[in-house]
Structures are given as C-alpha cells and as structure tokens.
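Look at the two complexes coming up: chain A is in both, with chain B in one and chain C in the other.
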Partner chain A sequence: MLKLIGVELYKIYTKPRSYLGLLAITIIVCLIHIAMYSGGQEYLDFIFSTFKDSFDVSGKILTGNLIAFIILQMLVVQMPLLVAFVTGDIISGEASGGTLRILAGKPYSRSHIFFSKFIACAIYTFVLVVWLGILAVVLGHLLFGSGDMMVLKTEGLVVLRDGDILWRYGYAFIIAFFSLLLIASLAFCISSFAENSITPIVITMGLIIISTVIGTLEVPLFEYIKPILFTTHMIIWRNMFDKPVPWNEILLSMSIVFAYTCMFTGIAWFHFTRKDILT
Partner chain B sequence: MRNYILLFTLFISSITIAQDAKEVIRRCNKNLLQIKDYNCKAHIDFDIPGLNIEKIDGIIYYKRPNKFRIKSNGIIFMPKQNPNQILTIMADTTAFMPVFIAKESVNGQVCDVIQMVPLKENDIAAAKIYVDSKGYIQKAEITSKENGTAMVNNKFDATSKYGMPCQTLITFDIKKFKVPKMVSVELNAKTTSKPTTTSTKTTGSIKITYTSYLFNTKLSDTVFTEK
Partner chain C sequence: MSILSVKNLSKTYQQFKALDNLSFDVQPGQIYGLLGPNGAGKSTTMRCLLTLIKPDVGDILFFQKELKENRREILNKVGYLIEKPDFYNYLSAYNNLKLLSKYSTNKIEDKAIHSLIEKVGLKGRENDAVKKYSHGMKQRLGLAQVLLNNPDLIILDEPNTGLDPQGIVELRDFIFELKNEGKTVILSSHILHEIEQLADSMIIINKGKSVIQGSKEELLGENNLHVKIEVEHPTQLEKILLHTHWQNKYKGTHDTIISFDIEKKEIAHLVSFLSENKIGIVAVSYRKKLEELYMSLTQNTNA
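Up next is the complex of A and B:
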C-alpha cells in the first residue's frame, strides 16, 4: 500500500498541473501582502469605518494576524478549484491516458489502488493547506508583525488579543484541510465515473459555485436547502475566530463535512471496484 | 414699585447663583489646575454592544490643555467623548459659563450640580458636572454635537490626589453596528430584519481603573505622536 501511495505521489509530483495550485497560492498571497503593505491602512479604514465613526481606535490594526485572516477569506472560492485541478484528474486522467487499465492489471486489489490514489490526494491537499499557512500566517507575521486582530462580523466586531490567536489558526487550518478534503473526495468521485480529466474539474467547480450562490442569497426557499449544502459547512473555519468559540456548531459542521467526504469516497470506491476498465 | 423690587431680587439672586457656581468651579480647579500633565497605569474593561473585546492594560498620558493618549500593546476602543474632556472644559474658564442648578447626592456625597454653558463655538453642546465638598468631580454629563451624550461616573479613594479618580465609568450613546455581508465576507450570516420603529441607538460603557499616578513629570509632546 505504501509503495502504491509513493507511486501516486510521484505521479502528482511529475505533473506540471500539480504546481499550478502552489504557484497560484504563492502569487495570490504575495499580491495581497504587497497590496496591504502599500495601502492596507486605507483599505482597513474603509472596512472599519462604521466603528471609527463612533470610537477613537488606538493600537496596531494592520497586523500579520489580520492579513492572514483576510487572505483566508479571499481564498474561499479559489482553494477548492486548485484542489479539484489535481484530484479531479487522478483517476479520469489515467483513464483517458490509457494507463488505468495497465494499473488495474497489476497484482494489487482495486481497493488498494483506489485508496492509494485517495491518500495521495489527501497528502496533496495537506501540502496546499500547509503552504497557504506558511505564506499567510508566517510571511504575514514577518512582514506586518504580530498584534491584536479585529474580526468583522455583520452584527459587530470581535477583537482577539495577540496571545489568543495562533491556536485558532491551528484549528482553522485543520478545518480548512478537512473541508478541502471534501472537495477532493467530490472531484475524486466524479473522476471515477469520467473518462477525461476536464469533466470532473468542471462539474466540481460548477457544484461549488452553485452551492455558494445559494448559500449567499437570502431567499426563503433557499433557507431550507442551506443546511444541507456542503459549502455552508466548509467555511465554518471562520467560527474559530468567534469569542467564545461555538464548538458545538463547529463539531456539527465538521461531522457533516466528514459524512459528505465518506459518502463521496464510498460512492467512488463502490463504482471503481466494480467498473469495467476498458481504457 | 413692586415690579422694581422683584427685578432687583432676581438680579441679586442671579449674581449670587453665578457667584456660587464660580465658587464651585474655583474649588474644583484648585485641585485640577495643579495638574500640568500626568501619566498613570490603566486597566480598561469594555461593555459595548456589538463589540466583543477583552479587557486590557495600558498607560494613560495627559498634558494640558487637551493632549491625551492611551498607550497599550493591543487595540483599544474609546468613545469620542473621553473623560479628559472634563479637564479641558474646566481648564478653559472663558469658554464656558457655569450655572448652579441644584444640590444632589452622588456616590454618597452631597454635590453641587453645575451646568457649563458654552460661550464659544464648541463641539460640546452642554456639560453638567457634579462637584463634592472637596472639589472632586463625582459625575459629569457631556453632550457633544457630533457624538451624543456621555456620562462619566468617578470613584475616589484615600490615595486620590489633585481630584483625579481611581476609577471612571463612562456610559455613552452608540449607533447600532450593521456591516454589509459582502464587506464582512460572512457568507452564511443571516441579515436580521428589525422593525423600523426600533431605535438605532444603544448605550455602551467602559470602566477604567487608574493606578500609579505620576503628576507633573514634564511629559514630552512626542509621547502623544510617537507610534
């Protein structure tokens, strides 16, 4: 199994598209850092203008902690796309390339092949999240320094003290990893049905966009659908920056994320272990 | 003849009231005008609707006539009407006319209630101060044109010097915060629809506990400008 995982990781390593995600994250995050470094104060003055009208706010606002939070918020839509780029291709890419049949002919069970691919996808997702963490939090702290963090909410503002933030980022990245693993499993599931690599990526992105739009619109009809949308629960990492942390809400959302991940992986496994591999 | 007597009585009593008010202000300023500058440690507790912020420690710097700064390692929200506005009001005797209103008991002390009426164009529309027999300001209500009313309630202890409190509770008006969903990027948040009759104003409070006062240390102006 470990050998198979190594092989799958090597395949990801040798594919140029695997680096697109890392490159995209690097460019986006560096651009945000540069923009914030040059004109971040004006941006924050606009964002927090509601509060500055009523209060004299003193203290350092433009901190590495806040910049990392802004980056994470901005990457809500992009990160799943970057994950789907690689994970949507992992089975269907081989099907279209004709290597899946050769792989299935090797003395390994279909389940072993399937789970080695899935674990390789999970490792790739993990690497993306860790890279994002390094660029957003570590580079953010190096450039802007540490300090308190203001979290803007629709009904007010939460100010978190400097010493009370890093552990929240730790949990937020763990939640982000499992949320992206859900996307990986969705793309993986569609990939197991498709015969080319574009279809799973497009379908996955389409589903994410539709779910996000439904989740954003405040129409009574959608209120019944929202709780069952996976995108509703994927952005629960933001709640780690509430005070107090709504652990019950987070655990419920993570359970739903986990259930979706199991469901998509289960469907994919069921199909993959039974399908006729003709190419 | 009766009218003349009445007018004369009113004139005399108004002079007496004005003199009473000025005497109270003199009593108060006997303490406050000794302060050219001060700095002290401050422990600040916040209770502001819509603003979830933990208490914080800092250092307060003040220099006459109106330089004020709180320095700390973290973010602090202070109402636009800060408690040192009282010092500014009291220091400028030409900008406000004191009018004696009544005697009232505040924090167990019998206080003279003085209305400070602005004589010049000023952001402060009105100020009411409650001065005890020692000349300490036990309570003040400051109404500004821009920021509504702030109520300042002071506490003094045996160590209190120059009329400076050991604790201040500031209660003030604030507008209810409402941030658009797209600005807060809270995609799952629900916009609560409130009836239009509900007031958009609410009150918040900040409690400041002062310790280790240092008076007249010739504070440099750079303290108020440095980052």
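Up next is the complex of A and C:
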C-alpha cells in the first residue's frame, strides 16, 4: 500500500496541474500582502470607522495575525476549487486518459488503488493547507510583525492578545484541512463516476456555490436546511477566534464534516470497486 | 492442460448481450487468435480476463486456478495491452515503465526496464516525454509495458491498429519471439491475414457467441474443408443422402447450396456419388482461407 501511495504522490508531483494550486495560493496571498502593506491601514481605518463612536481603538491593528485571518476569510471559495482541481481529476483523468485500464488489471486490488489515490489526495490537500499557513501566518508576521488581533464577528468585536493567537491558528488550519478533505472526498467521489476531468471539478464547485448561497440567504425555509449543509460546518475554523472557544460547537461541526467525508469516500469506493472499466 | 479456460461467460449491458455463454480453452505456449467483427465481444472477453469488467455469469480459470479467488497471483503472471497504448503523456517512457513496474508485486530492477526499452527499439528515446511519441513508438512502449513483470501469458487486443506495414511485420516477429520464449499469447485482430499467419488456434466470435473454434489445422487445414455444392434439386439430394455415409458430413442446405465438411480427397468421391445419382451439379466450391471461413461464418450468424 505504501508503494502505491508513493506512486500516486509521484503522479501528482510530476503533473503540471498540481502546481497550479500552489501557484494560485502564492499569487493570491502575495497580492493580499502587497495590497495590505501599501494601503492596509486606510482599509482598516475605514472598517473601524463604524466603531469609532463606541470604541477608542489605539495601537497597532495591522498585524500579521490580522492579515492571516483576512487571507483565510478571502480564500474560502478559492481553496476548495484548488483542491477539486487536482482531486477531481485523480480517477476520471486516468479514465479519460486510458491509464485506468492499465492499473485496474494489475495484481493490486481496486481497493488498494482507490485508497492509495485517496490518501495521496489527502496529502496534497495537507500540503496546500500548510503552504497557505506558511504564506499567510509566517510571511504575514515577517511583513507586518506580531501584535494583538481584533476580529470583527457578527456577534461583535473580539480582541485576542498576541500570545493567545498562534495556537488558535494551529487548530484553525487543522479544521481547514479536514474541511478541505471533505471537498477532496466530494470531488473524488464524482471523479469515480465521471470519465473526464472537467465534470467533477464543475459539479464540486457547483455544489459548493449552491450550498454556500443557501447558507447565506436569510430565508425561513433554508433555516431547516442550513444545519445539514456541509458548507455551514466547513467554516467553523472561524470559531477558533472566539472567546471562549466554543469547543462543543466545533466538535459537532467536525463530526459532521467527518461524516460527510466518510459518506462521499464510501460511495466512491463502492462504485469504483464494482464498476466496469470500459474506457 | 489449459493455461486459460473460459467457461460459459455471459455479460449484458442494459439490453445488449455482449457475451453469450462463451467458452474456450487456450493451451500453454500457443498463440491463440480471437476473431470477430466490431462489437462481437472480443474486447469484452479480454476485459473480463483482466477483471476490468465483471461478467454476469461464467468462470475464468488461469493456470487451473479460479480468477476470482486468485486474482493477485494470476494477474502477476499476465501481461496485457488493451486497445490503444495509453500512458502518462507528461512522463518519459522510462518513467512510465518505472511507475507501472510498481504495480507488480515482484521487484522489477532498473536493469530489466532498460533491457525492455532496448528490446522494443526505444533506446535513445527513453527519456523523451511520451506526448512526443508517434503511435508506433507508443505501441512499442506498450509492448515493453506488457513484458514488465515477465508474464507467462500475454493478452494483446488489436495490437496492429494504427501501425504501418513495417510496424506490423515487426510486431509479428515480436509475437513469434514471445512464443519461442515459451510464452502464451492471446491475440485479437481485425487483420485476418495476421491471425492466419500467427495463431496456432483460434476462435471466431460473433454477437458474443463462439461461432467456431479449434486449431488452425482443424479450421483451415485440408483435412477439414467446408465444401459447398450448388445443385439443381437439393430436396432430392437430401433424400438420397439419408441412406449413405455422406449424411454424417452433411452440414445443411441453403437455397440450392448443400454444405459438407469433408477432406479434400473426398471431394472427387462426393462429386462422383452425385453424378451416379443423377444430381445435376451447378458448381462446387470450398474454402480454405481464414478470410473465407470468417466471412462465411460471421455472415451466417448475422443472417
């Protein structure tokens, strides 16, 4: 199994499209850093101007901690796309390319092939998250320095002390990884049914967008649906910056994310191990 | 003792019956030809042998072992090239072979990979990306891939497709070489002349069914010719045949044409017999070439 995981990672490593995700993250994050470095203070002054009657804000607001938070918020839509771009292709790309029929007739079982691909997808997702973390948090701190962090939430303003932030990012990135793994499993699931690379990416993004729109609309009917939408629980990483941290809520959301991941992976495995390979 | 035994294999796609109770045996060291028109079920059969397609019913035994229960052990001894040679186009030929070698349960040394590259005539181009390869070069790489795990049994589905005449001759020599090394080859092809030259035994499939099968000697040899005699009064002849030894060799009547399976030397006796019985003979023909056998059988089953 380890040998097959290595093979799948090698395929990802040698495939040019795998680097598009890393490149896109690098460009987006660097652009945000540049933008915030040049005009970030004005941007923050504008945001906090609405509070100037209620609060007296003094000291350094534009810190690496805040920049990392802004970056994470902005990449909510892009990151799933970048993950789906590679994971949606991992089975269907081989089906359309004709290489799946070479692999499926080899001595290793389809389950071995399936899980080696899935684990490779998980590792790729992890690398994307780590890279995002390095660029957002580490580069943010290098450029903007450390400091207390003010987080604007719907319930109000949360102020976090400098020494109380980094561990929250650690957990936030772990949660973000599992949330993106859910997206990877969804794209992977659709990939096991599709015979071209584009369909899984388009369907995955379509589902994310529909789910996000439903989750955003304040319509009574949707209030019943929202708790079961996976996108509702994927953004639970934000709660890591609440005071106190609502651990029960986070654990519940992570359980739902985990259940979705298992469901999508289970469906994909069931189909992949039984389907006739005709391509 | 068969190296491969297929028993009562059936496969239906929705309403379409791709394989219908197909059975055949392949002996070790043979080149076995699989013939049939497009959609006859050749590729479906080969895909079933490699577990790419799950048959609805039927048994497949390799090396006297059930495929379902011994998949890993069996497929480690099988090399295959199904339809066109597809590879990871962004990788070089060497890296493709290296990568695919990892799917074998045996350890395949780098030396063996280089030796295969040389064997198929790709030395000097092994580090080029496969996307730069011509179809012929991909086919060569496909053959190298087939031999990666040093298989005992090789399955080649339409390996001639897209090859130029020189490529076809080289492929033929390559397959003979494999046979001389003691390997068994199962080969499907549309080029009947190739199968006729290569195969020791063959099966003709049409609409998922076996139309005829046997050794080349049995099917195409002079000891068993399919003779067609066009006569003026076929009904009268059928009655006469009833009381003679020709009845056992009589295969049927189609309009005014009566068919027999007989040896070449018996044709003269049969003609004499018909003349003695005042049966007017219009024409006598027999087929010998695979093309004639193939066309007659597939047209009969299509009728």
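Heads up, the rule we're going with is that the second predicted complex is superposed on the first by the 279 of 279 C-alpha atoms of A that agree within 3 Å, B and C clash if a C-alpha of one lies under 4 Å from a C-alpha of the other, contacts with A are read in each partner's own complex, and residues count from 1 in each chain.
Here is the rule we use: contacts are C-beta pairs under 8 Å (C-beta built on N, C-alpha and C of every residue); 3 or more make two chains touch, one makes a residue touch a chain.
Please read all numbers here as calculations on a predicted model, not as lab measurements.
Chemist: Pick one for A:Gly59: touches chain B only (first), chain C only (second), both, or neither.
Modeler: After superposition on chain A, A:Gly59 lies in contact with chain B alone.
Chemist: Among the partners chain B and chain C, which is in contact with a greater number of residues of chain A?
Modeler: B
Chemist: Please work out whether A:Val158 is in contact with chain B alone, chain C alone, both, or neither, and reply first, second, both or neither.
Modeler: The answer is first: A:Val158 touches chain B but not chain C.
Chemist: Going by the contact rule set out at the top, does A:Gln78 touch chain B (first), chain C (second), both, or neither?
Modeler: Touch partners of A:Gln78: none, neither chain B nor chain C.
Chemist: Return first, second, both or neither, reflecting whether A:Pro16 touches chain B, chain C, both chains, or no partner chain.
Modeler: A:Pro16 sits against chain C, while chain B stays out of touch.
Chemist: In the superposed arrangement, does A:Ser111 touch chain B (first), chain C (second), both or neither?
Modeler: neither
Chemist: Scan A:Arg101 for contacts with chain B and chain C and give back first, second, both or neither.
Modeler: Touch partner of A:Arg101: chain C, not chain B.
Chemist: Based on the superposed arrangement, let me know which partner A:Gly147 touches: chain B (first), chain C (second), both, or neither?
Modeler: first
Chemist: Which partner chains sit in contact with A:Gly6 here, chain B, chain C, both or neither? Use first/second/both/neither.
Modeler: After superposing on A, A:Gly6 lies in contact with chain C but is clear of chain B.
Chemist: Using the touch definition up top, name the residues of chain A that touch chain B in the complex.
Modeler: It is residues 47, 50-51, 53-61, 73-74, 76, 147-148, 150, 152-159, 161-162, 164, 212, 215-216, 218, 226, 232, 235, 238, 243 of chain A that touch chain B.
Chemist: Could you list, by residue number, the parts of chain B that touch chain A in their complex?
Modeler: Touching chain A: residues 49-54, 56, 69-80, 82, 147, 174-175, 177-181, 183-192 of chain B.
Chemist: Give every residue of chain C touching chain A within the complex, in rising order.
Modeler: 47, 50-54, 71-73, 75-76, 78, 80, 82-84, 86-91, 95, 99-100, 102-105, 145
Chemist: Which of the residues in chain A come into contact with chain C in the complex?
Modeler: The contact residues of chain A facing chain C are 3-4, 6-7, 10-11, 14-16, 97-99, 101-109, 274, 276-278.
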